[in-house]
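Labels for the chains are A, B, C and D, by order of writing; each one numbers its residues from 1.
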Amino acid sequence: MKIGKATIPESAICTSDDETIVVRGENLCRDLIGKLGFVDYFFLLITGRRPDAAASRVLDATLVAIAEHGLVPSVQASRMTLAAAPDALQGAVAAGILGCGSVILGASETAGRMFARIDKLANERALALDAAAEVVVRELRAAGQAVPGYGHPLHKARDPRVARLFEVAAEAGTAGRFRAIAESVEQVLPAITGRELRLNVSAAIPAVLLDVGFPLDALRGVPILARTAGLIGHLTEELAQPIGFALSYQATRELRYTGALPEGWTPKTET
Amino acid sequence: MKIGKATIPESAICTSDDETIVVRGENLCRDLIGKLGFVDYFFLLITGRRPDAAASRVLDATLVAIAEHGLVPSVQASRMTLAAAPDALQGAVAAGILGCGSVILGASETAGRMFARIDKLANERALALDAAAEVVVRELRAAGQAVPGYGHPLHKARDPRVARLFEVAAEAGTAGRFRAIAESVEQVLPAITGRELRLNVSAAIPAVLLDVGFPLDALRGVPILARTAGLIGHLTEELAQPIGFALSYQATRELRYTGALPEGWTPKTET
Amino acid sequence: MKIGKATIPESAICTSDDETIVVRGENLCRDLIGKLGFVDYFFLLITGRRPDAAASRVLDATLVAIAEHGLVPSVQASRMTLAAAPDALQGAVAAGILGCGSVILGASETAGRMFARIDKLANERALALDAAAEVVVRELRAAGQAVPGYGHPLHKARDPRVARLFEVAAEAGTAGRFRAIAESVEQVLPAITGRELRLNVSAAIPAVLLDVGFPLDALRGVPILARTAGLIGHLTEELAQPIGFALSYQATRELRYTGALPEGWTPKTET
Amino acid sequence: MKIGKATIPESAICTSDDETIVVRGENLCRDLIGKLGFVDYFFLLITGRRPDAAASRVLDATLVAIAEHGLVPSVQASRMTLAAAPDALQGAVAAGILGCGSVILGASETAGRMFARIDKLANERALALDAAAEVVVRELRAAGQAVPGYGHPLHKARDPRVARLFEVAAEAGTAGRFRAIAESVEQVLPAITGRELRLNVSAAIPAVLLDVGFPLDALRGVPILARTAGLIGHLTEELAQPIGFALSYQATRELRYTGALPEGWTPKTET
């Protein structure tokens, strides 16, 4: 069935014959394997060009920053899935990645889009960053939307990863406009929301990446790739020392059933 | 519901308080972000220790080798999924990863397990590698199982990535026992199967990784992490220049319907 | 880590002791298995009450209507996934379901939400349905959003499933307000968009389901459940007569590589 | 890239023109929607033929039996995924389905394959069912494999769904050979394993389905389809009353970190 107009698929990423594999215009075996690092290759795959030194360093730092933060919900989902289907590691990784949504890890993309709007607005209307940030945050609030990338359930002061990522970005000599935009949002938030919501890692990541030319549309890919590494670490541990079912047991120890019961029935040992 | 015996979950990967995140015994913000590369961090997450120089170089090379090979089936599945559900990048990545199964990318693990058996058999019975390889390959054949990691639909001569990975491993100074095991399988295959089946990248990857102490149970994680990078490249292209529906249109242009038809009905324009 | 305020999980769906399983207040083994049909049970699971005869008949008809329409993109993605990972049927089903997104099958939910807004607007402002439909469609267009559930790549006249579903709903004696709303959108579309876009199955499904009290939030669940049945049919065929790789081969026969080539290299046999 | 020999895809499930959709030789709109129930349609999609009355009744009963059993691990994984990615219901369903693996719900298929072997062995060697069951169970044990479908973490006596499914199958007038095979396994287990392991629902389902001609290769599809209905019930509740994060909080309240700590560091408030 034909859906849409295009019928001849095109791609600019990879071609090959039986001797040579070409990726983004380069000879994979001769020029990339063992010569270009995996993180730089990830940048090349996405953008079609090799990263400069600053982009390479910053991208690598963001991947390390977000790969692992313990038994967060998506890791629990992944370990429970492996416990139930131990033959299909890829299925457990997929289950974990499916939690990289708008609320948690995907916030990197949403925050990046907010920063890009502030940048554009400041440029178009010749506004100071704080003024542009205030406009955009007020618009989000008026539309009933959350401000992505601020506040953290555990790190009430600034998430420690934020300072470190900003430090790496500064050391790498990046321009810092998007870091400044991220901080301008942090500054206007208390007056608008009545709460001290500090920058978290999901805002720091797009701030430092947009400063090195990483594309907006690929931002969600950074936490996804990083968490895949973290998930594989957890799943390797799960294969050796399973806790998936123990987690699910603990999760429901205080579960309350709030529905109806059949007439005259009371549970002997509720579960 | 309690399944299994363990009820208190334990993990050795990560702990934190509101100021500090500890991963594998190291302070994430102070000692890892911007200091340890993402590939080395992946090794640390899985094994609990930092890789030595050889392990670092070889692991990086394998990730670059397997990340991208054009519009293979799992990439098509992923791009079709994004075309149908463009708001959920994580879903399209998950769909692509679900194709890292026993036949294609998961063969890295299966081949690695075969090599580990050959290694053990050669040690236990003081056999030459060729002799041990022959025993194990004959056992697989007798059980009706495929020999994983040999032969390639496109690269009839050796997959060019194999030579390059072996070269990188040799440059890195690794012992090479598992490379030798992989080649011994290649040597015994023609006599047993009647076919010249050359080492492909799914056998080369476990061969070079087992030589640097990468754990067997985590082998499937390498193509999964690598392909995640490749998928994000493709999905970023898909957002800019969609071909998911064009691929699905092409796929069925010659489709033959082989089922029954309602009495008296002939299609006007079969689709 | 505590995210959000609630810490004690509650659910009204199921409880049990070692002899009895209670679902939505009923004794599963005594009163449901073999007594209540699966489609009615699906309604009970979602809403907490058994469907009346009209709701039962209409829900069943929608599930049959949307379960199968040949090798659509999500079915292709699913069959390619099984070809690559044949041991994990659940992974191939998951890959297929991941294509139930906003563009294709998820349109049932989006269309349902549009109908609910038209209904509310007509009630609140005492408008005729056509007038309310016009307001809502113009708002969608002004926001740059597609009108979900109208037009079909194959069925240029009305999708034949629409008439049949409306017929079943009428036979079942449902009120028909949401069918009328769906048709009012069809009537206002040509003047607003300049195109004859006819109701398709993704608009007919929410129209008939909202008329029998099926909840808005569960609408996307109907195509998901239905397609799961269709996918299992396809995957059973795939196990017996594999075409996953043939589909992927066909899909790329006319693929054009539009990227750069290494200097001096021309492919021998481009793939 | 061409993988395997077949290049022209064929399917016997569905064809259509712009007016008519044909499924398994029948006119979808004229003969199926509103006339054939969804469960019977599922049977038709898989097998190419409509079920007889016994098959229809038994298949329906198995779907109701297995659709819902509270907050089992795969439901928890699904609800946690929705909490993190609430825009993508399909992703949360997929995460839940990915737990239908070899250990939990997929056991229906594994048990079915064991029963088919016992049936074949009894026929070929003219053995009594108990004798054939003993041979097969001893083989499984010798190969270090679990006996699928026996024992239950909660229902120490026979899972109450077993008796009810067997009752429905008997009422429907099915032959009962596979029920007898399932019970013969139960009888030989204590002598072989030293434990009273009673038939659970994952063995009862294939027993009653194989007796009505349901295909072995599609067995895993029954719990997958059924659980999809259960998951949609849970996800609808999750959208209204979220507990995904509360479950994940509870799951880790007693979590023990067993890894190393940075020198001199002690957590202020371990999480």
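Here is the rule we go by: contacts are C-beta pairs under 8 Å (C-beta built on N, C-alpha and C of every residue); 3 or more make two chains touch, one makes a residue touch a chain.
Remember, predicted model here, so these are calculated numbers, not experimental data.
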item	value
Interface residue identity across copies chain B, chain C - same or different by half	same
From chain C, the most remote chain by mean C-alpha position	B
Of C-D and B-D, whichever chain pair has more C-beta contact pairs	C-D
Chain C and chain D: spacing of chain centres that average the CA atoms, whole Å	23
Chain B-chain C separation of Cα centroids, rounded to whole Å	33
Interchain centroid distance [CA atoms averaged], chain B/chain D, Å	28
Multi-partner residues of chain D (at least 2 other chains)	1-4, 8-16, 18-20, 70-73, 83, 85, 87-88, 90-91, 94-95, 98-101, 106, 154, 245, 247-248, 250-252, 254-255, 271
In the complex with chain A, residue positions of chain C that touch it	1-4, 8-20, 22, 24-27, 31, 48, 70, 72-73, 85, 87-88, 90-91, 94, 153-154, 251-252, 254-262, 265, 267-271
Footprint of chain D on chain A - complex, ascending	70-74, 76-78, 80-81, 83-88, 91-92, 94-95, 98-106, 154, 244-245, 247-248, 250-255, 271
In the complex, chain A residues that touch chain B	1-4, 6-16, 18-21, 23, 28-30, 32-34, 36-39, 41-42, 45-46, 57, 60-61, 63-65, 67-71, 83, 88-91, 93-95, 97-101, 106, 109, 154-157, 160-161, 163-165, 167-168, 171, 215, 217-218, 220-221, 224-226, 228-230, 232-237, 239-243, 245-250, 252, 271
